[in-house]
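In what follows, chain A forms one complex with chain B and a second complex with chain C.
Moving on, here comes the complex of A and B:
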């Protein structure tokens, strides 16, 4: 009994510093943010007013335009579009590249080049995206003009119809390296015997891909999906440097809106409301990930 | 051998002692004052002689940092909450300081004794001077290369019709992408050109009434300026798509575009300022002038020295040095405009020709509305049919 208590004490001494730091730097600010979101600048209780104001603002959701008219549609739609396009593309590209570049000559070099996107700071990535899609200096509009598509041969970030797409495509370029690296690491853990057995059974490449590789990579894919979702929900830096959410709010995202409330409007309460909504979204992803982990699927 | 060793050790001691004395004398720490400015490159180069003169005069060291207002607005609140400041003098918008006067020290004693010599007024909050203007910028109109105009037989327009014909003529010149290049960045170059149209065709009163919220953005007078003048030019592709504003200077100077609407700081950013010409929209009787504002934060470690430096910057001596560098107009009425370089003298002449000057619209309103204004105009530039939507949003988001 005594030794058990001693073990507890030792364990506690290891855990306490981390818990104390988390309490001060994570729990307290999170609780304070939550509290702030229910008050106004004068400290008066306003209930859900901040949330209603935020959700009914045209920068959040412009139902007068969505879906009948073109963008701007609001940050909720923009973040959703980001997830719908970016998530499957980066995950699938990561798997495809990992499989294609597995055990081939020069594969490691190509993987390193693709991974470079992850090494570049996202703020720099935003600047790269701006120039990549710029009419005067960008390669994408140049290629489009060469292909005879004048509509896409102009600055993508200047037009509401293409600004968000430029950011998403640029982000795919930057983020695919993460998915590729994770899946490449996952591939190395699949027992070779499974493929040998499949060969004996006469399975083709596609059969092996869908019956062995992808199912065996599922735990890795779950982590990639969760991390990518979190990245997409919280996306900020590349939008800030490439478009500032414009033109006309057509590439506005939730995190940037929170930033504008906090540092342009100097309204900490509204910013807290957006932060709370963002936390709820990220929490949902976190809970899904933890549940899968507890079930032993990861 | 022993004697030799002792001698060497003694010599080493002596040498190191001398060296140490030398270090102490040579690096006697000078008092240091830090200033955060919004300028970089050529704009910063124009300002540095002022700092050099102050360093020589006071035998102090001035450390400078470059921070944009956009970045400072997110850094300063946290710093000030921690009772820290990144600099002893900080340049940021006056509206920001007026909104946060608790962080600024009172500069009344610095401003009041010389106030009759200053052209603009300081920023006040709660009866104290919280921020002071240092230099003025003017947005005189459309810049052109004299060599480009003479090579193509172009003339400065005297009427709106002549202006539209000039744009058509420029548009037809081989190699020209659009007659006017649109500067982009966070969006201020587009707001500058828009304000010029509002003032030229709506008058200085319209600009002032919009600043003071006496006129709505959806008012027919405002809409008329857009629908009759600006939007037709946008529809006719007289303006280019927004191009990053410093890149736009290169492209315009290189002959991709004919005209560029910009403030007078452009004079320090081109290869040959003597080739610059500028004209306002025909009929314009006023133009926008703005100021770069500085304040001394409460948490400066060096308030006295900071006051000394700011006082020098505002003095006749400091302003004279600044005038000679060009790129900005000084704020004192006792500094002769003949001190400016040639291109800046032309700007001063355009300013003098106007009946009045008005303050920058979005700088005056500030806050998140300023960001919205820039962003909505960027939308209007590529989607002129969204005018009603843009004006409605600008009105609905105006701070109370």
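Moving on, here comes the complex of A and C:
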């Protein structure tokens, strides 16, 4: 019994400093935010009123404009569009590039170049997006004018019709490195014998891709999907630097809306409601990821 | 395995097309950063090699309203302790969670895992009030503390995984020799774990250096702004000085780029390990 208590004491002494810091700087303020979201500025309990105000605000969801009229449509729609375009594109590009760049001369170099998007500050990522889609110095509008498309030949980030799309395309450029690196690592764990057996059976490249590579990569792909969802839900830095949610709220996202409530309008309670919504989304992904990883662990 | 020549050519062509698409934006930033503004107004692709200069770099470094040099100094002051302290505390905790049993170990560990999914926005408002009451707004100490706390969950998870791959016999041998738990940890376990610690250091340093949101909400004093905070301030009211902005972007990126270049193997390993663990 005595030695067990001693074990407890030693174990706790190892974890306590870290646990205390996380309790003070993460857990306590997170709980506090949750509580704040049910109160008004005077400290009165208001139930779900903040959430309803937030969800019915046109910056969040503008059903008078979506989908019949052009943007702005609201942050919920924008974040959803982001996920619908960005998630499948980065996942598929990651798999395709991992296969394409596997075992070729210069493959490691090209992988490093694509991975750069993960190394640079996201603030710089925002600069790259503005730069890439700028009327004068951007290569995309240049190509569009060359193709005869005048509407896309101007600064994408300056017009409500194109601002969100510029951000999404730019974030694909920045994030594909993650999907690629994860899948490339997964690829190296697939036994070579599988491909050799398939060669004997006369299977073609596509057949091998769909019957061996993609199924064997599935565990990696599911992690990539979860991490990518977290990135898309929390997206902040590149929007702040490239468009500040504009023009006219056409590229507004949830996290930026929360920032505006908290630090521009100084409405702590509304900000807390938005943060809570944001956390509900990320926690759903997080719980799924933890359950998946906890199988057979501790 | 024999490969047909046309197939190989297609393969290489495709690979390098991808490379070019990803390289062009970075090259554009680089060229604009080292070109005079008059020449890049209508596209950086038309610049003459003879006119390249470091004027923009120098201009961004000592910009009158948002000097990047000062910002980078501040970023170093924050990022170095905000890498070392969580590395130390989280290694201890990771080892504790792996090797020792104590009440509530499992629920605490599950909470630590779930903290990974909580956005920083969820703590922003109360944390501002807490730091304000401690007079830690505009303070490096405050930001270092917050970064330390936010680094802990992933480093605990990563190091716990790393420690579990070490051979247990070494620890048992240390105990037989009469070394206590702390001595074993500091003299045996930590030195053996340097590759894992290198992964953690390169990633945590890069993430703190690259952070924007936490700095944005806790640092307001113009002299104390970190490097990333200064980028949005360089945007002019009526025209965009791409030369200065790209030069600033280049300067700020050079540090994480250097970390990546020097520690590439550990960096990528950390990334994969952290994400798939």
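Quick notes on this structure:
To be clear about the criterion, the second predicted complex is superposed on the first by the 287 of 298 C-alpha atoms of A that agree within 3 Å, B and C clash if a C-alpha of one lies under 4 Å from a C-alpha of the other, contacts with A are read in each partner's own complex, and residues count from 1 in each chain.
Throughout what follows, a contact is a pair of C-beta atoms (placed from the backbone, for glycine too) under 8 Å apart; a residue touches a chain by one contact, two chains touch by 3 or more.
The structure presented is a predicted model; accordingly, all values stated were derived computationally and were not measured.
Once both complexes are superposed on chain A, the partners chain B and chain C clash.
Using the contact criterion defined above for the overlaid structures, shared-chain residue A:260 touches chain B, although it does not reach chain C. Of the two partner chains placed by the overlay, only chain B lies in contact with A:160; chain C stays clear of it. By the touch criterion defined above, A:152 reaches neither chain B nor chain C.
When the two complexes are overlaid on their common chain A, residue A:198 makes contact with neither chain B nor chain C. In the superposition on chain A, A:8 contacts chain C only, with no contact to chain B.
Contacts of A:137 after superposition on the shared chain: both chain B and chain C are touched. Of the two partners chain B and chain C, it is C that touches the larger number of chain A residues. Residue overlap on chain A between its contacts with chain B in one complex and with chain C in the other: 130, 134, 136-137, 259, 262-263. Chain B meets chain A in the complex at residues 73-74, 77, 99, 184, 186-187, 241-244, 247, 251, 367-368, 370-371, 374-376, 378-383, 386, 390, 393. Residues 58, 72, 130, 134-137, 154-155, 158-160, 244-250, 259-266 of chain A are the ones that touch chain B when the two sit in their complex.
Residues of chain C touching chain A in their complex: 1, 11-12, 14-16, 18-19, 22-26, 28-29, 32, 40-45, 89-90, 92-93, 95-97, 99-103, 105-106, 108-119, 121-128, 130, 145-146, 148-150, 152-153, 156, 181, 185, 206, 209-210, 212-213, 216-217, 228, 231-232, 240, 242, 245-246, 249, 252-253, 256-257, 260, 264, 267-268, 271-272, 275-277. Only residues 4, 7-8, 10-15, 17-19, 21-22, 24-30, 32-33, 36, 97, 100-101, 104-107, 109-110, 112-124, 126-128, 130-132, 134, 136-137, 139, 142, 173, 178, 181-182, 185, 199, 219-220, 223-224, 227, 230, 233-234, 236-237, 240-241, 255, 258-259, 262-263, 268, 271-272, 274-276, 278-279, 282-283, 285-287, 289-290, 293-294, 298 of chain A touch chain C when the two sit together in their complex.
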